[in-house]
Structure formats: C-alpha cells, structure tokens
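Here chain A shows up in two complexes: once beside chain B, once beside chain C.
Right after this comes the complex of A and B.
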C-alpha cells in the first residue's frame, strides 16, 4: 500500500515513512556483510570482499578505507555511493583540521558525515545513499575508541559491536553472545572473523576478506599477510 | 554545504576595504604596525637526504617580538617547508597545502612527492599574482630521491642542491657556496648548515635567537629544537636593587576615605558538621 508513495523521496507515506529510505536500507541489507567490534583498546572493522570472477585483479580496490590518521570506514551496500562518501569524509576531516589544528574526534566526523547523508534525503533530484557505514576512530581527548553506524537516513548509532549487510541479524545475535567489555583488540579481530564466517560461503582466505584496525597509534588496514596469520590461528 | 564553520570566500582577494582605508588615512588615522619577521632559512642536500635550518627570531621594528618562532612547517611526513616573508601567509598557505597533500595521499594511496607539493603551491601563488608574500623553501625525500625547491610569491620555482632565503639569506648562502660539495656526510652537512645560520644570526639584525634544525632522510626525521642557541641573554653586569631610602620622601599626605555601611550580614562558620565517618 505504501508502495504508491514510494516514487518520490520527498513525499511521506500515510504511515509516516519515507519509502525511498526503506528501499535504500533494502539495498544495504542485500550487500556483503561487514562487522565492527569495539575492544577496550581499539576497534576492528571487517568485511567480505568477494570477486565476481576469477579474472578480477582486486589487489588495489579496497573496501576498508582510512579517512584520516585516527579514523576508518567500511560499508555494506552500493560501492560507488561508498566511494563518494569516503571522499566527502576525507575532505570534512581536513576542513576540521584546518580550523582546529587537531585530528577530528570520531563523534564530530560521524555527525558531519551523517549530515551529508541526511541532505540527500531532503533535496530535490537526488536519491539517498545506498550504503550503511561503519565508522571507527580513536578519540585522543577522551582516550578511548569509538564505533558508529551511519544509515542512509542520516541517523547514526554508537555501537559496542554490530553487523550490517547480508545476514546481519544472525551476525548481531552471534556478537551478542560473544561480546564482553574486557575484549582486547587481538580477540576482537578473531571474533570479527568468526562473525563473518557465519555467513561466508566457501573458503575464507586473505584475499576475500578485508580487516582494518584502529587503536591509539591510528587506523590501518591489515596486509594480506597479517590477515593470513589471523586466519591460520582460527584454523 | 552549510553547517561548516570554515567558509572560503569565492576566489582571490576582496578589495572592498581599500576605499575605507584611503579615507581613514586621509583623516590622519595611522595604519596598523606591520610585523616584519626577518628570517634566515637554509636547506642543503647531502648523501642520504636533506638538512634544513632556520633561525627563530620575529621582530617588530627593532624589538624582538618573539624569540622562539618555529619557521619549519610540516607538509607531510616526508616533506617540510621553510617560510620567509609575511609570517601569516607562510603559516596559512603551508597549512592549506598540508591538508591538500593529506587528501592526495589518501586518494592516491601512496606517498606524496616533493614535485607535487611544489607544483601545487606554485600554481596557487601564481593565482594571487604575488600578493601572498610567501618565500618558501620546500624540502623532502620521496621515491625519486631528495629534493630542495625554492618558491617565490609570484610562482617561480627553482630546484637546487642548496638554497638560503630571508633577510639573512645572502649571508648564509655565501658560507654554503664556499664549502658545499656533493654527497657530504650527515655531520658535514649539519656543521655547514649550522655555520651558515650562525653567520646570518650574528650579522643580520633580524635573524637570531635559536638555530632550529631538521635532518630528513628516507628512514628518519631528526629534530633539533634548538640545534644551538645563538642569542643568549647575558647576565646583568651590576646589581641594580635599590636600597630603601634611595628615593627621598619629600612630603606625606594622609587622607581618610569616607564610606557608608550599606549592608550587614552575619554568617556562622561553626555549625552542624557532618559526623566523621569511622568505618
């Protein structure tokens, strides 16, 4: 019934929903799974990165991207939309740096990115972003890590651990059982890989998953060799 | 888009206040005092990388305004800039460039090159037709090797094995010209940079205080803040404390100040104390 009001983003349906945003969330839930876990001393982001064909040479395309020294992103949903958001996020981080001469705190950057996503739900001639972002960062003032999720609607949520994309419900249930506040970053990486494994079809190797970690030193993407070590430990 | 505190004006300079300034001048209002920085900055390539040195004096007329200014600006982990000329222009332009290079590094996914930094700042300065008074020396080490470039406000550049700039630039340059040779060792290069700066800081009025030095190679960045303090304030030659009675009292005048009590309030300090907690 609300399908009748689904064509225009800027029109509410009688039930009070913006159906385009619902559909955007559908696009997100159809995307490859991504997981984020906040440990006591850092955050880990992990995602499935399956190539559609054996002929793909995927070594230079990345899903886990750094935004600035202390923050990183991963997504579920439409890749091209993500690319745009990464560019915008990087620029926003630099703009903050120019004004305040400090690395942007995660809470601030998340708000700015979410505002960008919200703009695309209230403007003419555009559609919402078909991605949900997992944003991780280290706040040097509060001396603690942060994990946030940003949705196509522009709402953002802080998480201790979460999963987005395909099978996210199972992922979250898995995490609810496994999560503890005393988790260290090393264990968090293991847990993240195991969570991904729940919805993974086929053999998991260092080439078809991507992991990024953020701690006091900053954000970085793990090299395939490092990922291989973690996978070997899990067996 | 709105919501950001930092908003760039659309292109170039806005000359709206020029007429107002002329009017003020004709009415006898003196313009604000310009703080001339006066500087010596120098950079020398050696076998493994580059040595850069700068003095730390900022002058306003003949008064040392600030004797510990850092004239070395970070552009990226492997590229640094030395600034002479208008201090604000050097500061802000290098900061802007630093941000742009950071974005470039993230988007390209590789280390930024010195030539890129030089090209970007050169094209930017040319747009402002020399009104941005930034005499910069850009130095760095990248995949193509170590480089030094000098950039002038109008946008001209020169890649050189060694360079010195600022009010004390020529003095430094004469020392470097005399002793520079290709592929020096790190110690030779540091000594040469120090001697060059020492010559300027002791001869040029507008340079002095400290010699700050960075040594940049592919592997490391050594910071010497300072490498040497040149402008040391000497101890006072005499004791200038004055004995009581040095200034003669000629007359004394005691005046009673009349005052009225407007409000009186009495507050007890001894009162209900919380009984001490004895576990």
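Right after this comes the complex of A and C.
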C-alpha cells in the first residue's frame, strides 16, 4: 500500500513544525479522556467509554487492552488506529519472548511501539497514528511498576500520573494536587475514577468507564462488577 | 577424522555444577585433521559477569559464532541497560543457531552461568541448530565428549564446593582428552562463584 509513494506525506513547515503530527495531536485531544496513575505497587489505567447509542452492546468492545502478561494499554484518539497498535504491540512482545525467553520489560516494549509510531511519520505514503497511548507494565528485574505515554510523533514519556484526551489539562492539574508517591494501588484506582469524573458528563456507571490494573501478578482489566464496587465506594 | 566437519579441527569442552558454583573447561588444541597448528586456542568466551559459553566444532565457526553472539549481547546491554542473565543468553544463542537451520554453523555449545544474588546455577548445552536442553549437572561437547562424559559422571557429586568442583572438572577433562588425538595440548578451567571467578591453566600430556 505504501510502496506506491516513495515520499513522506509528513513534511516540515517553514517554522520547523511537522504539521501532520500537530494535527494528529489535535485528534488525540478531541478523543475521550484516559488517565494513568502509577502507585507504589502497581499502575492503574482508566478511560471513559461512552457509547453513541443505547443500541450499542458495549460489553464486547474494549478500550483497555492487555499486550502481554505484564503490560496493558489504553488510548485517546482514533479507535481503529489503536486497534492496529495493539496488534503490533502484542506481536512485538511475543517476538521478544521468542528470542529471550523473558517477559519484555516495559521500557523495551515502549521503545519498540514508539519506533513504530515514528515510522509512520517518515515512511512514504502513510499518515501518523491519531492516538496517544498510555502504556503500563511491571518490570520484574527492577521489581517496580512503570507508566509511559506514547505520542503520534513517536516521543514517549515516563509518568507518575497523567491524563490524555479531552480536558487533559484539567485532569493533570487535578492529579498534580492528588498524587503522592506513597499511593497504593487501591487509592490510585479511586483517584483515577475521580480524575475521570472531573470531565465526565452525566452519570458514571460500570458500563461507561473501563479500568485496568497492573501489579506484580500481571495486568488485567477489571470486570464491570469490580468497577461497580469502586464506584460505590466513591459514592 | 576423515571428512567429518565437526572433527576437522578437534577440541572439547566440559561444564559441571557445584553448590553455588559452576565450572567450565576446554582444551587448547587447534589442529587441521592430524596436524596440530596451535596450542593456545581456547574455546570459552565470557558474555556477562557470571555467564560463559564454550563452543566446540569447526574453528572458523567457533570464532564467528562467538563474535556474532557478542554483537547481539553488546546491543542487548546497551538497549536494556542491564547485564545478561544465563537463561536469556542461552536463548539468544539457540535463536542465533536456529536462524541458520538449513545451512547451519558447525559448533556445539555449552552455556554456564550463576545468579550472584541467589547462587542459582545454570548449565545448558545446545547442538548446532539450537536444540535446547534442561538445566543439567554435567554437559560436554566436542570430539572427546563421550570420553569426558563417562569420567564426568564418575567424578561428579551433588553440591560440591569450588575446590572439589575444580578437581572433578579438571580430572575428567585431562584424562578424557588423552584418549582423543584431536583434543588436548593443555586445558583452561574457569570456576565461577558468587563473588569471584578463578581461571586456571592446566598442563596435561602435550600430545
């Protein structure tokens, strides 16, 4: 598909900007909010998952996805682009396992995913991905959790806590006040829900948000029943 | 000898486990069929603080595979900012060998390692196309491997300390190579412990 174009569609403007990437970031910032918080013993990812119609059967489509035993992803931006990145990330994680017989450390997988995203800003005939990813994982060698953000440009940032998507500025301000290094995973889940609530229109239920947690045991998405319990605790 | 590629150059290596220590040893002969060219050709290479690999077989492949593995391990350490673990090194090696499944390298390998924190010991062997083994007590490769296996099984005891391990490894190797014309001309023994690595050169029968 991209072999037909030998030239990149992402080119520099006179001011030194790559406008296509700026536009991709606009797509991200218009997407539904996602939050990631790193606790002392794990990471939580949370996102709004509003369906556009009552007819949607939204228990079968997921935004929070696992990549391998110890890593998970969530996004803000374009769903289909995200789907592709999830598939690529899963394959990259398995390729690593095949060569090294070890679970991929979060830092390594993030580098590889970011390289994929960067490729699409320089290769011929393609456009950048319209998503920013929040990647969480547990590093068994260093025995600690990690949270990273990956942008359409291919830059990646390690975070203690962050918000992406709509109203991310408010989200980050909220997190700056609420975050502490001593946060345990349970508290982090509460804080994540409260952060989402800041920009949430309407009633938050277990069907219109998704939460994933990653700790030493691995990554998993919370069931709607578990989400309901957390929501009840917040009241 | 004849036209058997794996015995063209000769050579042998042995690895044995002890209690929180491992030993790996090899001979030093480099020959071309029945001619001995050099007596300083060691077949053991270090890839991390406590990870060693021995390659036996065609000399050119001993050199090339050890270097190509080093290439990969160097990049690994730069990318991951951490040292290699024995299991990871072993899998990288078998992966490298299997990449050439249908035009293989002619080396059999031994991988040994130690976890300096837990004292856990690792001894693995591989054929020339990357068949993996379990973590074993004793492994040998090379033209005299059968002779050394027999002696190794005789001298091996579980949970040996580093001195006993050195003796067992050395005796098995030195006496085994005496039965093989393509191996010998001296030996090198590495004993790897949690806090130190001891290298000893042995002078056996110089023939």
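Methods note: the second predicted complex is superposed on the first by the 225 of 235 C-alpha atoms of A that agree within 3 Å, B and C clash if a C-alpha of one lies under 4 Å from a C-alpha of the other, contacts with A are read in each partner's own complex, and residues count from 1 in each chain.
Basically, a contact is a pair of C-beta atoms (placed from the backbone, for glycine too) under 8 Å apart; a residue touches a chain by one contact, two chains touch by 3 or more.
Predicted, not measured: the structure shown is a model, and the values here were computed from it.
By the touch criterion defined above, A:95 lies against chain B but remains apart from chain C after alignment on the C-alpha atoms of chain A. Once the two complexes are overlaid on the shared chain, A:105 sits against chain C while remaining clear of chain B. Counted by residues of chain A touched, the larger count belongs to B, out of chain B and chain C. In the superposed model, A:84 makes contact with neither chain B nor chain C. Once the two complexes are overlaid on the shared chain, A:115 sits against chain B while remaining clear of chain C.
By the touch criterion defined above, A:68 lies against chain B but remains apart from chain C after alignment on the C-alpha atoms of chain A.
Once the two complexes are overlaid on the shared chain, A:141 sits against chain C while remaining clear of chain B. Contacts of A:204 after superposition on the shared chain: neither chain B nor chain C is touched. According to the touch criterion, the shared surface of chain A, contacted by chain B in one complex and chain C in the other, consists of residues 98-99, 101. Note for the complex: chain C touches chain A at residues 79-80, 82, 85, 87-88, 90-92, 95.
Of all the residues in chain A, the ones that touch chain B in their complex are 60, 65-68, 87, 90-92, 94-95, 97-99, 101, 112, 115-116, 119.
Considering their complex, residues 1, 3-6, 95-96, 99-100, 102-103, 106-107, 109 of chain B touch chain A. Taken in their complex, chain A has these residues touching chain C: 98-102, 105, 107-108, 111, 141.
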